[in-house]
Amino acid sequence: MTHTRDKAGAMEERRGQRRTTDERWRTALTCIEPNKILVRGYPLDEVMGRLTFGEAIYLLLMGEVPSPALGRLMEAILVSFIDHGVTPPSTLAARNTATTGAALRACVASGILGFGRYHGGDIESCMQFLDTGLDLVRQGKTYRDAAHEIVQRAADAGEIPPGFGHRFHTRDPRAARLFQMALELEAEAEHIQMIRAVENALHEKPGKEATPVNIDGAIAAVCGDIGIPPAIANALFLISRVPGIAAHADEERVRQQPMRQIDPKDHIYDGPSERRLQERRK
Amino acid sequence: MTHTRDKAGAMEERRGQRRTTDERWRTALTCIEPNKILVRGYPLDEVMGRLTFGEAIYLLLMGEVPSPALGRLMEAILVSFIDHGVTPPSTLAARNTATTGAALRACVASGILGFGRYHGGDIESCMQFLDTGLDLVRQGKTYRDAAHEIVQRAADAGEIPPGFGHRFHTRDPRAARLFQMALELEAEAEHIQMIRAVENALHEKPGKEATPVNIDGAIAAVCGDIGIPPAIANALFLISRVPGIAAHADEERVRQQPMRQIDPKDHIYDGPSERRLQERRK
Amino acid sequence: MTHTRDKAGAMEERRGQRRTTDERWRTALTCIEPNKILVRGYPLDEVMGRLTFGEAIYLLLMGEVPSPALGRLMEAILVSFIDHGVTPPSTLAARNTATTGAALRACVASGILGFGRYHGGDIESCMQFLDTGLDLVRQGKTYRDAAHEIVQRAADAGEIPPGFGHRFHTRDPRAARLFQMALELEAEAEHIQMIRAVENALHEKPGKEATPVNIDGAIAAVCGDIGIPPAIANALFLISRVPGIAAHADEERVRQQPMRQIDPKDHIYDGPSERRLQERRK
Amino acid sequence: MTHTRDKAGAMEERRGQRRTTDERWRTALTCIEPNKILVRGYPLDEVMGRLTFGEAIYLLLMGEVPSPALGRLMEAILVSFIDHGVTPPSTLAARNTATTGAALRACVASGILGFGRYHGGDIESCMQFLDTGLDLVRQGKTYRDAAHEIVQRAADAGEIPPGFGHRFHTRDPRAARLFQMALELEAEAEHIQMIRAVENALHEKPGKEATPVNIDGAIAAVCGDIGIPPAIANALFLISRVPGIAAHADEERVRQQPMRQIDPKDHIYDGPSERRLQERRK
């Protein structure tokens, strides 16, 4: 169809008429010309060495170069998911693919496909959950009352609110760190206030063990406060998980026999003991 | 089988004997304990805000925190592939998946699978190509003679050496920028010397138009000189392509009608005109 | 966790106690023993040559050997989706993957991922749509009234009912054929009666062009009537699409140049002209 | 580019000139017209109910309706791989994807990606291996001498010939069945003769345990003898594995808790005991 319209357009042009609207399909991401690549308008060779990968990801997805504070939050968000050991199903899908001798790209694709409803989707759900609470605030409720109401709704549906609790961790160290950075970088706003209120509301529920905010929740709140929409937050999540999946696929290939049966519980960590970053890095 | 061995091990332990070797399978990437995530030994919450995403990727894949110079090269390498517009087949596979309403992870997986023999594999091939030349140098040949020999071998096989030439660009601006950074950061060594020699050898061939080094070749040479093995260079390539694929899948979802027929040649760029980074960024 | 329980179980066994429940995880599909493969209890070598692929698929997914009539419907359902030319986005994702020189498995995976919300999901949705109508019938409504009610609900939501209408065909020849077979094989029941009522209800709506039932709708109704649940119907759909995707990926590899730009509208069919099956086949 | 040529072509047509060659790209698989779908020339609605799925797959991939004997071999080949229990890595990749709540298509894609170098590639390799032997026969060697020579070459490379031996089975019942069918259907020719000679040559090697031909080898030999090229044999393999992968993904969803840790060795089969097909089926 486009094709037909195009020919018609070409004909009109030959007749000296002007097409009022260009009916080609449009993209605003990257302009390619001979010897020139403009990402959101910036020459890519100029971006190299001047923006970090995290800043360039923000530029590509959001359209503008981030402020230094936003850039630091982006890096922290991307780093926070870089790996979570051998037991996530996405990692195991990648390792089971790697043990067959498959190419790295097939292992990575297989791993990415393992972010289903129960695994990795909490950032988007939590952003929607927080927005429901913020709608109540905008209607005049206090943060405390709004939080109690949405927590109760989740409890009535038999659910833990998305962004809270963890299979392994009773206190997710990454969430604490991200909130601290948001505070220092003065990025805190209503979403973080809302998630704090929800955490308190969960705490106050009688006869329940604590389900503190996890890294999904922290990222959801921070992304909400810095204006990143849920779909882009989800893209950041996928981007951040790829290095870990690739690292496991590569380690499987290098250290293990092909075609092995992988029992996720039967492993041992033999990497370096706990160590600290050198001071200059802090 | 491991299972049986484990029970045997457990039995020995109860008998007060020690297992001489632990037969669990091993991983050196990330250690997960309650409320603690150690990536290559470093607490992940401490890495957040202290290493960039690019530096953390190097840490995860190579095992150590990169020097500042290595870190800057990593960022530049990762940025160099962040997007190449709508026409690469990997991007089109992702857009064709996105137009069906598929989840972002499915679009990204589909895009990654489009790095086949003819698309994206040149970094690894070029590293092997350069190593063949460097083997000749180690056997006593000059760089010039070694380069002429491997270029001739490629010509005899009817091939352009991997890492040279480009569908769109006669001079790849990203390659020039990466070599400049490697020079400034004093990371130049034998692989870059070899690729320069190959570029000269190609130049000297009579009756041929120039096929200058492209970004794959530049990354291959730089990775060779900073000690990144081919498989890890390939992992970096995959990681670096994911943001672009995700951005196109998201743009397809947001700006286009579902179930459209995508003609890659019938598009127009409507993003910002060429612009420059602010001085403070340089 | 299973592991810990298992060790405890092993210990009990050594103590001469019996485990009351086996806590291993369970599968009912296929039993593998040395030199023996039992699919749903049947030796696979005995199934070979005795059941067709379509019958064996039914056996594997549904647990029992189909009756001859059910077997014939299975074959027809699987055949009905075997290919739909070059323009479906799933096929284009596979071709865009194939043009990069990717392995066939990567092309097929990429194609399968292109069955998103708007492409290939209508069988499941239509089954749910028909069941909504049948619930109304069970509550005492006539088929006619139930059909009008659910058609109106779809119209109120601005939607065409799933399983009706087609981008290319005003009358889907595959749907007619499948209904005819269901009639001949005496497999017609309430779902087909319901979809007929819906088709009539759509027909009676004033000022609308006809949106006749398509092959998704026909399969949904037939699957409903022969007791195939929606998730299995969806599995049948995926299985039936793989040969077409593989055939296009292979044709792309054999007949086209690598790394081409694929315009879906710019193709021409150069295969055999229309021909008929020999009589003995009918 | 094609686009530009097309406009030029359109212009020529308007000028009353004829384009000597149509430069649109070509496909010979399926012709789509309003209300008509021709697969290799046959109306798809006519194929439904007249050809089985296996016969239609042959038609689509090979271009012609198979003879009844070829059709029966196709069905047997497709049935032979329909499932191999829970332990193949491809199945485990699919189950690890399914446990995350991912869509069936994502699970199937993930499973298909697990056919890497060491898993599922033996049909193509074995066809090439047999062809090497048949080249020697054509040069005047006996089958016996040719077999000994290619077996020795494999042994010198430290390899078991592709298509021989199995992780679980010392005698693959599917291979025996397929050879029996090829004999009964008079499809035996030089490839089966060659693989028999190889089996004997392996048998005669002193001090070695037997590595009998497996199902990959049997399919390779039969496909060779009925004129199916290696790439199409590989497509048949992928098609035949999809129902099993889908069945495991569905069983994982239905019978297991989400987000479980899947130990492939810790399972038990709880399906029907061994049973026989009814006589009418034989």
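In this document, chain identifiers A, B, C and D correspond to the written order of the chains, with residue numbering beginning at 1 in each.
Going forward, a residue touches a chain if its C-beta (ideal position, glycine included) is under 8 Å from a C-beta of that chain, and two chains touch if they have at least 3 such contacts.
For clarity, every value in this text was computed on a predicted model and none was experimentally measured.
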{"item": "Given subunit B and subunit C, the chains that contact each of them", "value": "A, D"}
{"item": "Of A-C and C-D, pair with higher C-beta contact tally", "value": "C-D"}
{"item": "Furthest chain, CA centroid comparison against subunit D", "value": "A"}
{"item": "Between subunit D and subunit A, distance of the C-alpha-averaged centres to the nearest whole Å", "value": "39"}
{"item": "Intercentroid distance (Cα basis), subunit D paired with subunit C, Å", "value": "21"}
{"item": "Inter-chain centre distance, subunit A versus subunit C - centres from mean C-alpha coordinates, in Å", "value": "33"}
{"item": "Set of subunit D residues in contact with two or more other chains", "value": "1-3, 6, 87, 103, 105-106, 109-110, 113, 115, 261-263, 265-266"}
{"item": "Overall pattern in which the protein chains touch one another (line/ring/star/complete/other)", "value": "complete"}
{"item": "Subunit A-touching residues of subunit B, taken from the complex the two chains share", "value": "1-3, 6, 22, 24-32, 34-54, 56-57, 60-61, 63, 65, 72, 74-76, 78-80, 82-87, 104-106, 108-110, 112-113, 115, 168-174, 176-178, 181, 231-232, 234-235, 238-240, 242-244, 246-248, 250-251, 253-256, 260-263, 266-278, 281-282"}
{"item": "Of subunit C, residues touching subunit A in the complex", "value": "1-3, 103, 105-106, 109, 113, 263, 265-266"}
{"item": "List of subunit A residues in touch with subunit D within their complex", "value": "3, 6-7, 10, 87, 89-90, 92-93, 96-103, 106-107, 109-110, 113-120, 167, 258-259, 261-266"}
